[in-house]
Every structure is written in C-alpha cells, then in structure tokens.
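Pasting the structures here.
In what comes next, chain A is part of two complexes: it sits with chain B in the first one and with chain C in the second one.
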Partner chain A sequence: MFYRPDTFAAALRLKADHAAAIKPISGGTDLVVGLNRGQSLGVDVLDLTAAKDYRRIDHADGSLILSGGTTFAQLEQLDIACLARAAASVGGPQIRNRGTIAGNLATASPAGDGSVALLALDAEVELAHADRGTRWLRLIDYFEDYRQTALGDDELISHVRIPTPSALQASAWYKIGKRGAVNISLVCAAAARFLDGRICLAFGSVAPIPMRAVQTEKLLQGQPLTGALLHQAAQAASAEVKPIDDWRASADYRKAMCAVLARRVLEQLQTDDERQMP
Partner chain B sequence: MTWHLECTINDAPVTRDIPEDLTLLDFLRDHLGLTGSKGACLEGECGSCTVHLDDAPVCSCLTLAAQAHGRSVCTVEALAESTTLDPIQQAFIDTGAAQCGYCTPGLLMAGRTLLDRTAFPEANHLLTSIEGNLCRCTGYASIIEAIQIAANESKA
Partner chain C sequence: MNQPVRPDVPPSPTPYAAPPHGVVGQSCGRLDGATKTTGAIKYGADLFWGRAELFVKVVRSEHAHAEVKSIITSEARAVDQVMGVYTHNDMPGTNLQGLILRDHEVLTSGRVRYMGDAIALVVAESEATARLGADAVQVEYEPLPVIDSIESALAKDAYPLYKAGNIMGGKRIRKGNVDEALAGAAVVVTESFETQSVDHAFLDLEAGVACYQDDLLTIEAPGQWVHEERRLIALALGLEPEHIRIIQPATGGAFGGREDISIQIYLGLAALKHPGKTIAMRLDRAESVRARHKRHAMRIEYTLGAKSDGSLTAAKVTVYSDEGAYASTGPAVMRKAASHATGPYRVPNVSVDVYGVHTNNNPTGAMRGFGACQMAIAYEGMMDRLAIKLEMDRFDLRIKNLIQSGDEVTTGQHIQVATAVECAEAAMGKFREVNGGLLVQPDEAHLRRGFGMSVICFGLGYGDGFPDCARARVAFDDAGKAVVYTGGVDVGQGLINMVAQVAADELGLQLDNVRVVAADTALTDESGSSSATRQTYFTGNAVKLAAEEVKEELLDIAGAHLQLHPHEIELTSGFARAIHVPGKEIAIKELVAQGKKRGYKLDQQAQFKPGTLCEDFDTGQSPRSFVTYLFGAHVSQVLVDIETGEVKVERHIACHDVGKAINPQAVRGQITGGVAQGIGMALMEEVISKKGRILNGNFTDYILPTIKDVPHVECIVLENTDPGGPFGARGVGEPPLIGAVPAVLGAIQDATGTAPNILPCTPERVWRMLQDGTNA
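Then we have the complex of A and B:
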C-alpha cells in the first residue's frame, strides 16, 4: 500500500499502527536510489510530502524549530552560517529541492552534512508517536552506531530544534570532497560558538556516526582562541576521530584533514562577527 | 498494488492507475510517452531526468510518480510552443551546446529555472544553476554561453 496523508498527525497514526511494516518517504533522495538499484521497498510506503504542516520553519521561545520536511533548499536560506552552508553543499539544486532534514537524520550516514551542522549547533530532534506523544533528544544522544539511531520503529522525526539561536554568536562549516558540486564529503567539520563562550565542534565521515569532538571541545571551553590553543585543538581533533579507509579516502588522510578543518572552522569563528538570527 | 494518480502534466490533467513504486521518470517515459526526460545515472548525480515539480527542478528518477499526486509537473516537452522554441532551446542550438543530446533536456530545465527566478543572473548563478547536471560531450562553456544568451533575450 501507498499512503499519502495530508496531515502529519495522520502520518503519525499510520506509523504507530504499522510500525516497521511501513516506510516513510520524503524527498526519496536516499530511498529511491536504492529502489533504482533493484532493492525493493518490501513494505508499505508512507509518503510525508503531502502533509501540509511538515515543511515549516518557526521561531518559538528564542528557538528555531524546523519541521522534519524542511528541505536543504529552505535551509540554504537560513541565517545560521554552518547550517546554511552545509545545506548548500548537498548535491545539486534538484537534490536540495527534495532532500529533507528528517531524511538526513533518519538515514544517519556518517557523511550526513545536515546532521553534522546540527550537531555543532547542539540541536535537538523530536521523535513523535501518535499515542505516547513526543520526546526531545539532543542529537549527541540520537546517533548510536553506524546508521543506528534512537528513532523507534513506530515513531517519526517531527521537528528539529536549534536551542536559542539568539544565544549563537558564530558558526562555521567546511567540507572537503573530490569536486565542487554533487559532493559527498571525505571529511566535513562544523563549529559553533555560543554567547556564553561554549564552543561545539562536530565532524562528518570520520567515525561510524556523525560525531561531536567532545574531548577537543573541553580544551576550548572558556579559553581565548590563541594560536597555541588552535594548534593544540587541531592535534586533539585528529587524535579523537576514528576514521576508516574506504574508496573515498584513507583513514590517515582523514585524520590529517581533521586537524586542518578543526583549525579552519575555529579560525572562522573568530573572524566571523556575524550576528545570527533576528 | 496500484495508486490512483491524479496530477497535472504540462498543464493537462492526467489520471492513471500506476504501480506504487513507479518513478516519475518511468511514468513520464513509459506510460505517457514523454521521452524527453532521460534516465542516465538513476542516482541523482547527472540531472538528465530533471523536470519541474510545482516549479522547482527535481530528479524525476528519485521521485515516485505517486508523490506527484495533486501537483503540477512540467517536462522539457512543454518548453516550446508548437513550433516556436523557447529562447533557451534556440540558444542551445545557436551555440552548439548539444552534442549527443542526452543531458540536454535536463540542462534546459535547470537553465529555465534560473531564467524564471533570476532577472539578471551573474556568472556564479549560471554555474550553480547547472551544478546538478553532467555533460560528457561539449563541456560546459557553450552551455553556460547558451543560458547567458537566453537570459539576455528574456531581458530584451
């Protein structure tokens, strides 16, 4: 069966009732690639793209709330540098018009650009169930293992919340890939500095999950970003990540690039005096 | 199982019973005979299958036909009005921007989006508009030139 409910509430009901026997689809930019390679969907399909309340961006209590169906094309327009730039780096316009933030989080690829940017922003994801209601999880607790997350079989990703974007001072993004467009990262990095001085640093394609470099972050807390500290942080990031060799790049290369990118995003935090979010 | 699809294709209402896992590309080509849109990579990398879904360029190979329900699809077949070519089509001919032609429909649809949205495209707009399209014959210089010429004409 193919279901195409016109509200998100109706989609939640279907997901709760059918659990693993129904597969959500949004942009299809991950799912239909598999279908075209001969993998059958195997189960019923729950199309979220007709749900009218599923593509909204709202401001509430100083937070920015993105519906799961927010597309990369929408994210590109945001005034949050790391998220906008990460979104702009995804695929080509055709992919950005379809691919969604919930799809990125559910696929949970270690290379998920949206996931890495949101991790650095210390964002939270809302997992929703028709009867149990919703639960908010920090993204750092959401990614569990390679393509495994806290998302239950009977739940949908409903929203992403970026806590108090008004408290965000600057953010930065950098991605290394093989070419300028339609580019899966070899390594990507995002960093954010909040008004209370806290700095968050996240990397993609260097671990089984999109990862926060929490050890490196500890070095940075409350310290002025001097040249010596940047050097120390770059070394720490390179030591902290756990990349693998694959056909895109070697583990050694990725480790070396983590040092480079850590330095670049942190330097960018310093030079960008962008004030984020109205 | 089948899905009862109702949508608009090139301004005409279309109603069909279709397999649920049919892609929009296969629906257009195999069910409607609209073979302008091409399937090449089937992974969203090459853009040869680009159509407009409610005015936004998308890969029809990655969109299920059933997801077009209630929406409006525009394909390369709708660019020309009877025998009068769209300026971007004419410009592709004039600059020799098409060789084997396989990527051309997708490039026309991607370029058309830029012209629809941006009155005075700059060089970087021209480049990013076709970021999601691959051409393996002519290279991109003549294609960019063609889109620029069409943009100038739309202004005139």
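Then we have the complex of A and C:
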C-alpha cells in the first residue's frame, strides 16, 4: 500500500498503527537508491510530502523550527553559515530539491552532511507519536550507533529546532570529497560558537555516527581561540575521532583531516582580536 | 636589398582543384539532433522496452577464479514463466569470443577466470522472472587462487592462470644502443608510474533486442563495429555470417567500451532457441561494470637520459600491463603502448619492453587512448622531472626535443606533417594571454597554484600492418536526395554528420539534401570500427571517393545540358553552375532526374585502404606503422590544497591539429569531452577491486567528474592539412584525453613541488605524496 495523507496528524496515526510495517518517505533520495538496486522495501509506504506544513520554517522565541520535510534547497537559503553551506554541498540541485532534513536524520549515515551541521548547532529533534505526543531530544543523544537512532518504530520526525542567528555568534563548515558535487564526505566538519561562549564541534565520516567532538570542545570552553589553542584543539580532535579504513579513504587520512578541518572551522569562529593572538 | 620585380599577376585558375567550398568546415547541426532531443530516436534501452516478448538474464560467476564443478538448471527451469535455461552445452558454435585471440568462452564450460564470466543464460517471459530463474541456477565451484594484481601474477610461486603462465605476450622496441647512451648521458632520470583501471562509463547501458526468423538472426544492440560483431557472433553461434544481420541502434557513448561483444551473443543464442520471438536483454550499471572490459592498469618503469643541454639521448622503458582474465584487444594495446613510448620526442636510442600480464581482474581492452594514454603520462612525467633535474624550463626542454616534419618517431617512421611545436606554442600562447602566464598565488598559505603542460602524438588507425579499410556508397534516391551508406557506427561522436558533410560538400548539396544509412550489415558494407580515431580519416575518405565518382557523373550530365566541358562546371549550393558564365546553371535535383533517364547510375561505391607495415618483431621498427600522426598540446592550471590534498582544475587549454575540422563544433565537443575524461582519470576515476571483486561498481562510488570539476575548456583547433585525409582532415577522438591527464599531473607537481606517479590523484593520494615526498 502507498499512503499519502494530507496532514501530518494523519501520517502520525498511520505510523502509530502500523509501526515497522510502514516506511515513511520524504524526498526518497535515500530510500529510492535501495529500490533502484533491487532491494525491496517489503512494507507499505507512507509518503509525507503531501502533509500540510511539512516544509515550513518558523521562528519561535530564539529558535528556528524546521519541519521535517525542509529540503536542502531551503536550508541553503538560511542565514546560518554551517547549515547553509552543508546543505549547499549535498548532492546536486535535484537531490537538494528533494532531500530533506528528516530523511538525513533518520538515515543517520555517518556521512550525513545535514546531520553533522545540525549537531554542531546543538540542534534538537522532535520525535512525534500520535498518542504519546512529542519528545524533544538533543541530537547528541539521538544518534546511538551505526545507523541506529532514538527514533521509535512508531514515531516520525516532525521538527528540528536550532538556535536562530541571533543566538549564534558564528558557524563554519568544511567538507572534503573526491569531486566538486554529488560528493560523499570523506571527512566533514562543522563548528558553531554561541553568544553564551559555548563552542560545538562535529565531524562526519570519522565514526559510526555523525559525532560531536566533546573532548575537544571541553578544551575550548571559555577560552579565547588563540593560535595555540587551535593547534591544541586540532590535535585533540584528531585523537578523539574513530575513523575506519575503507576503500574510500584510510583511517590515517581521516584522522589527519580532522586536525586540519578542526583548525579551519575553528579559525572561522575567531573574533578579530583572537586572530591577532598567537 | 633589391627585391626581384614581380608583376602582380594572380595564379592561373585550376578549376578542378576542389578545396571544401560547401558545408565542410561548418558547424552544421546534427542530422540526428532533433530526434535525439525529442526522444523519438531509439536507443538500445528503447528497443528493450518497446518490443520484447522474452527476456534474458545471465548467471555470472561468484568467484574470480574457480573450476565450475557442476551447473544445475532444473530448479531454474521450474520457475514460473522461465522458458529456457542454457549453458555451454547448448551453444551451437565455437562458444568463443574475443577480438584478437578468441580466447573467452561465451558460456563457461570449465573454469571461470573473473567475476564477470557467464555460466548460464535464462530466458523468461519477464525480466523479473528471468532474474528469479537466474537466481535459481545452482553452480558448484571449486575455488582457485585469485591473482588480483600485476605483482601477484609475476610472483615467483604465482599460480599459473594459463598453461603458458601469467605473461600473455609482449612487444619490444630496440633502436640504437640504449645502455651505452645512458652510460654516456649527462643526466639520467628514473621513475616508475602506476596507472589505474578505468571504466568507460558511457551513460547508455548495454541493451538491445534480437529475433530469429526466416533463417535470419537480427540483432539490434550497440557495438562499435557491426561487421566484426557479425563475424564473431557467427563463429560463436555456428551460423554463416550471411544469416545474421546486425543493426546499430542510436548509441550514447562507447570510448572503446563497446568494442568487445557485450550482450549480442546471449541475445543471439536466446533468439535461436526461441525462433520468431523478440528477445530483449539489458545490463544495469552494476552488471555492466562487473562484466565489461576496462582500461589497462599499467606499471611503467622509465629511464630517460639527456645531454646537459637537454637533448634527449636515450629512453629505456619497461611496462607491465594488467590484461585481466582474457586477451580482448590487449595484444594491440601493448603494441600501441610500445610505439608511443617516447611520444613526440626525438630519442635516438630506445629500448621498450611491454609485458601483458594475466590476472583474475576484468579483461582489459580498448579505451580512448589505447595504451598511448598511459605512455603519455609516463613520458610527459619524465620530461617534467628531467626539466627539474636540468634546471631548465619545462616548455623549452620540450620544444628542443619535439620532432619536426620529416623527423622520425620511436618506430622509425618519418612524420610528414609534424606540428607538435606549433601545438605547444599555441597552447602556451593561450595560457600566457592571462597575466603573461604568471600565476598569482592565493593568500591562503595552504593553497598553491600551478600549471602543467603536455605535448602528445598519436598514430591514427589500426596501423602496424593490421588491415584497415573503409567502404562507402553514395547514391541518389528517387526523391533526388543523396544517400550515404556506411558501415561505420555513430556512437554519439557525430559520424553521421561527418559523412553527410563530406558527401554534401563534394556534391555541392545543402546538408538537408543528404541522408545517411549507417551501421546495418544488411544495407552497408564493412567500414571498420569506430575506434582508433579512424572514422573521419578512413570512412571520410571512402565517402569522399564515392561522392567524387557520383560527382563525375553529375558533371557529365550537366555538361551536355549546359553545353560546357565538365571542368567548366562546379557543383555548389544545390546547383551545377558554369564557372565562367554567371547565371548559367541547373539544379542538381533536375540533373539527377535527367541522368537517371539517360542511364547514369548515380550510385557509386568506393573503398579506402591505405596500407601500413607491420613493426619489425625484434626492433619494433616500421617505415609506416600508422597512416598518419596527430599532435596536440595541453596546458592545465590547478589549485592544490596542500593540507587536504584536494585539487581543482582552474583552467585547461587544449590544442589539437585535426588537419581540417569537418564540423568545428563537433571537434570542440570531442576535445572538451576528452579533457573531462582526462581530468577524471587524473584526479578521481578508478575501478577499485579486491581479490577480483569490484568494490565500487556504481556511480555513487565510481567517481566521475561533474561540471564543477571541469572548467570551460579552452579549445584551439589547428588545421594543417593532412596530405592523405579527406579535405585534409585527420581526426580528433582520442588525443584530447591523452593530452589532458599529464598536463593536470604536471600542474600538481608545479603547484606542490612533488610529482605524482600513481593515479588517480585523489585528495588522500596527494596528501600522502606531500607527507612522504612521493605518492607511491
């Protein structure tokens, strides 16, 4: 069966009732890849794209609320450097027009560019259930293991909440791939500095999950981002990540790149004063 | 100084000398452009979806190397809608394929040698049931050791893949005395290079249909040489070739990847077993990558010696080439690699040894560049290294050593029109148009800008004594349109326009008064393959010769009508016109009608068969190994991130001397595409396999360049007339790729100070190279 409800509430009802026996589809840019390779879904399909307000971006007291169906093309337009640039680095125009933030978080690929940028923004995800209502989780608690998340069988991702540009001082993004577009991250990094002084740093493709470099972040809290600190942070990031060797890139390279990218994204967070400091 | 007084008299007219005066040299739109744009034209996949009654799936080996102990088909036969399951026992003919050695079983009888080997064929009423049937075929294997690299094939105790061992064959060149020359050289540079396995990656996947009816097997599937396919299919299936008709559907790219038989024999077998039914088969990307041949990965050891002024004195080259499981066109690729080992440079003492090495990787065969591509990476890499060692400018060193007209290449062949220097100067001139060629380094300390250059040559046609012939027929149909018949296939490169423009120009017609019948063995004569950059030169010539014959008839018809000698008449813009009497003319259409009544045939055939001479067995020397040589030069500018290893090509200039651009837009298209493919080979494309199993057999993981990776290619088209080509044309197909790769690599070296020698230069390889001082 192929369901295409026109409200999100109806979608939640179907998901709650069918649980694992129904598979949501947003942009289809992950799901259809499998179908094209001859894998069958084996379950009913729940198309979310007709649901009203599934593509909305709202402002609410100091936060931006993105509906799950927000596309990368929409995210590219946001005034939040790391998220906009991460979104702009996804696939090609077709993929960015279809692919959604909910799909990225649900797939939970370690190379999920949207997930990494949102992690650095310390975003929260809203998991919704028709009867139990909704729960907000910090993304750092959402990713559990390789392609495993806190998302329940009977839940849908309804929203993502991120701090508005006014709560953010700066954010930055860098992605290394083998070509200029339609590019799976060999390593990607995102960092954000909030007005309260907090700094978050996240990496993709260097661990089973999109990961926050919490040890490295500790070094950075409350400190001016001097050259010496950046150097230290780069080393710490490289030590903290847990990449594997695969034929796309070696663990050595990925570790080394975490140091390079940590320094690059953190440099972009520096204030002019800090830039002068050794 | 006193100049002799010369009266200002124009040269006497030679009315019968005919330079192109019509559509040759014009960027006429593609004759098949409209139907390709609207989708009306049929590609193989359109035929697959259109008419199929039965569908074919092939069972391929699960092992890269194994003895097949048993094939049990009973369960597969029992699958609903499965109409037949066939194995080697059902093959009516030799069951062999392979372009040069015919060493590859169509359906394996005993041993599988790579993971693409076919074991059984399932025919069913739908593609899905054919797949179910294929899954139900049970094959019992006894695995054998897998040889997955040149190194493991050459190891002392390596498992012998064939009775004769793992060396398939070789090729050598001996000229002068290399050891003596190297001993006496002021500088000697030694380096080894590793090139990778590359997939052709054409977008139009293998697909087609076949039907056996009234003692005729008709196969419509994309290839590159319909008449040779017919010969091979006939032998494999035990038919006489006249009982087979091959029709080439519209085709989206080939690059050498369609030279080996792909689905045709499977289609043919199924059609023979199910007469009267239309059989369809297609490969998806994964199966195409798994089954089909690749570009040879090569290990090239190169020693180059020079005098202190930079003149080259000696080159000693050893090449190991991964032939994969079967020969394919490997023997010819090896020969071409050898004859192009020193490229366009004058080197008096040369020793080249090329060895083909069997492995359990995919067979390797033709791909754009055909061995010459890998060698250009090596000889141009050596020129860059030598320039550093000599502290000489890279450009000056090249100019100093490039052959000039009359000089000889490695094989001893003297080149009549050698324009390597002109190409090099044109490309560098273009490069220097921006800021005098001085690069501005970026402010960021981790970014480095550099440029590289390449000069290359390429022997056109099969060469080396291999029979090479094109045939064509030009006739007027009853509607008064000229029809060009050619056996050559248009794989997207524009052969149809090429032959139409040549014929139209010769006959003084507008292009819309010409129609082309191509690549159908029932309607056209053998014209050789669309490969070796040969069709413009070969088939272009055959078409021109046939059109010249028809033209003579037209002029005779017109002569009687206009009361003029044929020499006093020209054919132009659809009219036969008196050259010296304005206004005296008759429409060619009219002439055709008159002529047919008066008993003229207006239907002529011609062949073009310039001989070449086989290279000597011991020395590799031949006075005429190739009919002509092409020259080109590239300059590439890159930006390298020395911390991450990322490389971006910022500018790319490509200059090629094509003799005459029959269709300049098509020539620029070929150059631009070749550069894109070259950038892919230099920076990202690579078939990665482990123990004979391909790990990246899809376009998510086999990384092709995108529009973001290829800058606007600055094309320079030189037209130094080739004495033997139609309207002076040579060709353009392969050289643009050959020139692009080394120019990009040279630019990386210029930017970073370290020269890459392993391809492709992925970010990680470049990073590692900068860590270690080498990317080995």
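As a convention for this text, the second predicted complex is superposed on the first by the 267 of 278 C-alpha atoms of A that agree within 3 Å, B and C clash if a C-alpha of one lies under 4 Å from a C-alpha of the other, contacts with A are read in each partner's own complex, and residues count from 1 in each chain.
The rule we apply is simple: contacts are C-beta pairs under 8 Å (C-beta built on N, C-alpha and C of every residue); 3 or more make two chains touch, one makes a residue touch a chain.
This one's a predicted model, so the numbers in the text were calculated from it and none came from an experiment.
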Checklist entry - Given the touch rule stated above, what does A:R248 touch, chain B (first), chain C (second), both, or neither? => result second
Checklist entry - Touch check for A:I176: first (chain B), second (chain C), both, or neither? => result second
Checklist entry - Thinking of the overlay built on chain A, is A:A256 touched by chain B (first), by chain C (second), by both, or by neither? => result second
Checklist entry - Of the two partner chains, chain B (first) and chain C (second), which one does A:I184 touch, if any: first, second, both, or neither? => result second
Next on the checklist: Between chain B and chain C, whom does A:T107 touch in the aligned arrangement: first, second, both, or neither?
Outcome noted: neither
Checklist entry - Does chain C touch more residues of chain A than chain B does, or is it the other way round? => result B
Checklist entry - Can A:G92 be said to touch chain B (first), chain C (second), both, or neither? => result both
Next on the checklist: Contacts for A:T164 in the overlay, against chain B (first) and chain C (second): which applies, first, second, both or neither?
Outcome noted: neither
Checklist entry - Residues on chain A in contact with chain B in one complex and with chain C in the other? => result 33, 37, 92, 181-182
Checklist entry - In the complex formed with chain C, which residues of chain A make contact? => result 33, 37, 92, 176-182, 184, 186, 247-250, 253, 256-257, 260-261
Checklist entry - Tell me, which parts of chain A touch chain B in their complex? => result 1-2, 4, 25, 27-29, 32-33, 35-37, 40-41, 45, 47, 49-50, 73, 91-95, 97-98, 181-182
Next on the checklist: If we count contacts the way the header does, which residues on chain C are in touch with chain A in the complex?
Outcome noted: 286, 643-644, 646, 648, 683-684, 688, 690, 695-696, 698, 700-701, 703-709, 762-764, 767-768
Checklist entry - Any idea which chain B residues touch chain A in the complex? => result 1, 3, 20-21, 23, 42-45, 47, 50, 53, 56-59, 61-64, 66-67, 69-70, 110, 113, 128-129, 131-133
